[in-house]
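Note that the chains take the letters A, B, C and D in the order they are written out, and that residue 1 is the start of every chain.
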């Protein structure tokens, strides 16, 4: 069987490391090249010491797109919209693209500058990327050549709220979402300074995190109209990996616990990576894996939904591989079946 | 100046240790005795190694109430309602009591069995304890001889929401509150098993935590009616100390940011321990101190309120000392002025 | 290809969970049964929530040894020596046994009571188990049917010091070894109480940890005499997984850096899981994998050796699988090739 | 009583924050000014949020030395030797100086360039600073006007080994010392990047840490000759505060446990901040306080010594205040009596 030749652009970051780790265990893929502007010419284990002895790969400065069948863009936000037009010009529609940045997630060109605070460099392409929240958009991804991989908060919030929106719930969902420090990437900053982050919590960008509009876009599409509205406060947590999202909303009269649970069961029926639990999830039960654990509580007309996932796997690299699997018509779990370790 | 002779019942737990630590630095108080059924006869540093060389105190098996002016009850939930009737019989109304358990927080006798799952043993006393959320109930505490010290979640949630309730806001406040492991006490259990708690998060008792009704009682009293309703999901966090509460609510038309901020400024004017911030608080800036840091965000008709405190200090022992200060007519900051260390 | 039918006795602990996780990814093995006295009849994900949806296995109360080709004993220390005689009586020498407890590691029957504080129940079997420190005892393991899997501290210390002992170094190696909390197992205790362990360090059993004599046994055998002596102080660390061992010893005149590094290179040549580094290892680069990273520093006649491994993988379940692979003549990396995630 | 007017140069770092926190509680000192080149004109709580509402102080760009009685130099390593000559020229010997950097710790001018890799800018002053390891050099500090405050590793190692050196022990002490991340200061770097530091350990500068020669200088002076030699491997630990040092050495024939313990008892008799324990210390029992907990284990001719302290308090700001107290002839515990919180 000829393996798919994949490239990773910007492979020295945490997401790049996870892409390499996962793809090394993927039976239908060969990592053809990984680029890094920081580590050109050095072995990948210089950035990802877990891979020492496991991957005979070195970073290249640039990728040869012509030699690739598929390309993961794992560079910084803004890089993709700067580079994709040229890549497409060179490769036509032959190359499958999965962009892990925020550049191509919002279909409405008016939204990008509002939430990202700058002009979009390739607005004409915005509507041509499928939004890669696999479980909630599988049909479109299957037909896509270009996928915009969702944000980590967005994945957690959309998987938590999607079934409610799809079931027609309106009103406001109040979400608190706590993230691990790896979500801020491999470059040190005050936000990830260990003495300040250890044993602490800090909310940031209350109501105005840039992942809000991509969740809203998912919810609106599932509802077929503007109905359930996301109101989210993100929090920086004192751990390395994971998103833990806690949502609450008011239920209309007549929405019984059975009805609500039925929405979730149907939404995630046959989904290998969303696990519906009978009790609140533990974050450490999903870390290292592509799972998103979801729990629904109903009490006195309120619904609480809690979702837990690994921000670098289901919230980034794992979902990217899952989307590649869907695009290629492969088993969706290929390369992703290994559970994480616990505890 | 004759010092007040205080006793601590159940002083080997984390809250007991903090009471000793704080009272050692209190200029108007002498710790007369500390009891423990686990460590009778042993020096207090056996349970609280930070106090070695700092406190020449040993645990006694029983307290001699006749020798005390004030008593902190820091034993397990249920112990206070079992013992207080006998204590009062012995001491009359002479002894000042501050109960740190949940036993005397709810004034309505019908509520206790609903939220605590058992019969109250001294229901006639329930209305005779002042609820010790100092900043929101100072006048009553000043006149009280017996104080029910609030729960840690309750303190965080009530300080976050009180000004909104007092300002007349109705509707539902959706709160997520993350707690450190010390809130579960000194006895090991699966909830506090390090391999399971480290680097993880886990929600529990969604909507049904027993601190909810005491917050509701505060909010209703501040509003003068049933108006703002608390809907809370607690979360176990991977750190030792602190409560970090994140609340959201819908604002009525016309409630501007200025109006909302004004409510908080007026509510906490002159309060040494509630600090209103211009940005979301960091939990580690309050740990070790009696402060509660509060931040208010207003966006598109939504209000977000974030409060941070140390569950063992402002959420327990510190507020207990603060309440003693208020009852005695002393400077409210006496024994509590030292900031925590940072980071 | 007929798969080897393996059983796991005592599979609800952390080591049992890792055995299941690793064996699920092993191409030549089928997990026939997993026993637990705590969770009989329940799915394995009740104890190991990472495995939910990944393993259609339930715990049985007892194992049917006749249906097994190989058995991992992952119960508590003392269980193996109590049960193995009966198991052997039932199965003869047909069944391959890998005991993960401390029961069969010491060949000298006089040592067990000294270090474990009780009588050995099956002293006649002590010399019949091969000591399963794979890299340093591969030839014997290859011929063995019964293997005593090393302790986690022992693996870290022996891999750090073995090449020096093998090279003839005498004198004393002073070792500090820091362990994660998962080494204390799944049952909560004060040692693993999160509020006490978080952000702290605590040495224990200085010089007298029960893993010392098994390392000494390895060193003596490699040296062919009593030469290098281990002096170890273990430390409880504030993390879940890993052993980080730091050793120091005096070098004889003439032992150059080249000579010392050569000993390590030769000792671990061709070993997939021992990685020799040019700088001190990071513990998080080995967590989740079967690797042991080793670094050697030479300065002014002193040698420093630092080894890092995952106590539940290379220090327990992973090495057990590695030993099974060696016993069976399979590729030593089978089921163990996946790197851990980083960070 | 006229209070001593003290200034802090470089007060926006972690050590500066601790100096302010401790001096706020010091009855004989008034903080006259605190400088910072990063936060000039801003309130100190911008850098030290724990001090909000507790300190009505703002950072100044420069200090007016003429207005000070004592000065703490808490800037970066190298700043002190660059600035002290000019300060002394301006103030003569009137001003008491406590330098918290490494600039004036080594008396031998030849050592500085070897261990710090650069030329010393004021070598003539090196022998004029007393080395401020209070318990082991109190007499000299009492007479000094200028004190070089020890390094955090140095304090932990010297307090652990000093009594052995003073008692005449020769040979090599093998020390592993684990440090919290706050030791790297307030500026983010890869070493303190939370995703990499959390849950991990990493040794660095094995045998060649710059604190080694200052400990050696202490040991040699206590011994009156070159005898006990320090061989140290530092380790970065996954916690914010503390140094945990584990030392081992060989005892000569006839050095009984009683003799060794006697050395420690005599060395630290009457010392309020060194607590000799009967079991290994827990790091969290000293964090936030000026204590150093020490435990000695003797076994089969080996001695193990374990010391635990807070790197920012006894390892920096606390010991600096202690030294000021000694210089001024005040109670050594003034401003330092408050225990840290536990857990």
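In the analysis below, a residue touches a chain if its C-beta (ideal position, glycine included) is under 8 Å from a C-beta of that chain, and two chains touch if they have at least 3 such contacts.
In this text the structure is predicted, and so the values were computed from the model without any measurement.
**Q** From the C-alpha centres, identify the chain that is farthest from chain A.
**A** Taking each chain's C-alpha mean as its centre, the farthest from chain A is D.
**Q** Roughly how far is chain B from chain C, going centre to centre by Cα mean, in whole Å?
**A** Centre separation, chain B to chain C: 46 Å.
**Q** When the centre of a chain is set as the mean of its C-alpha atoms, what distance in Å lies between chain B and chain D?
**A** It comes to 36 Å between the two C-alpha centres.
**Q** How many angstrom lie between the centres of chain C and chain D, each centre taken as the mean Cα position?
**A** 39
**Q** Where in chain D do residues touch two or more other chains at once?
**A** 14, 182, 195, 198-199, 238-241, 282, 287, 343, in rising order.
**Q** Draw the chains as points, connect those that touch, then say whether the picture is a line, ring, star, complete or other.
**A** Complete.
**Q** Report the residues of chain A in contact with chain C in the complex, numbered from low to high.
**A** 14, 17-18, 21, 24-25, 48-55, 182, 198-199, 240-241, 272, 275, 277, 282, 284-289, 291, 293, 312-313, 337-343
**Q** Spell out the residues on chain B that touch chain A in their complex, using ranges where they run on.
**A** 172, 174, 176, 178, 195-196, 198-204, 206-208, 231, 233, 235, 237-242, 244, 246, 248, 250, 280-284, 287, 295, 297, 299-300, 302, 304, 306, 308, 343
**Q** Enumerate the contact residues on chain C facing chain B in the complex.
**A** For this pair, the touching residues of chain C are 14, 180-182, 184, 186, 188-190, 192-195, 197-199, 238-240.
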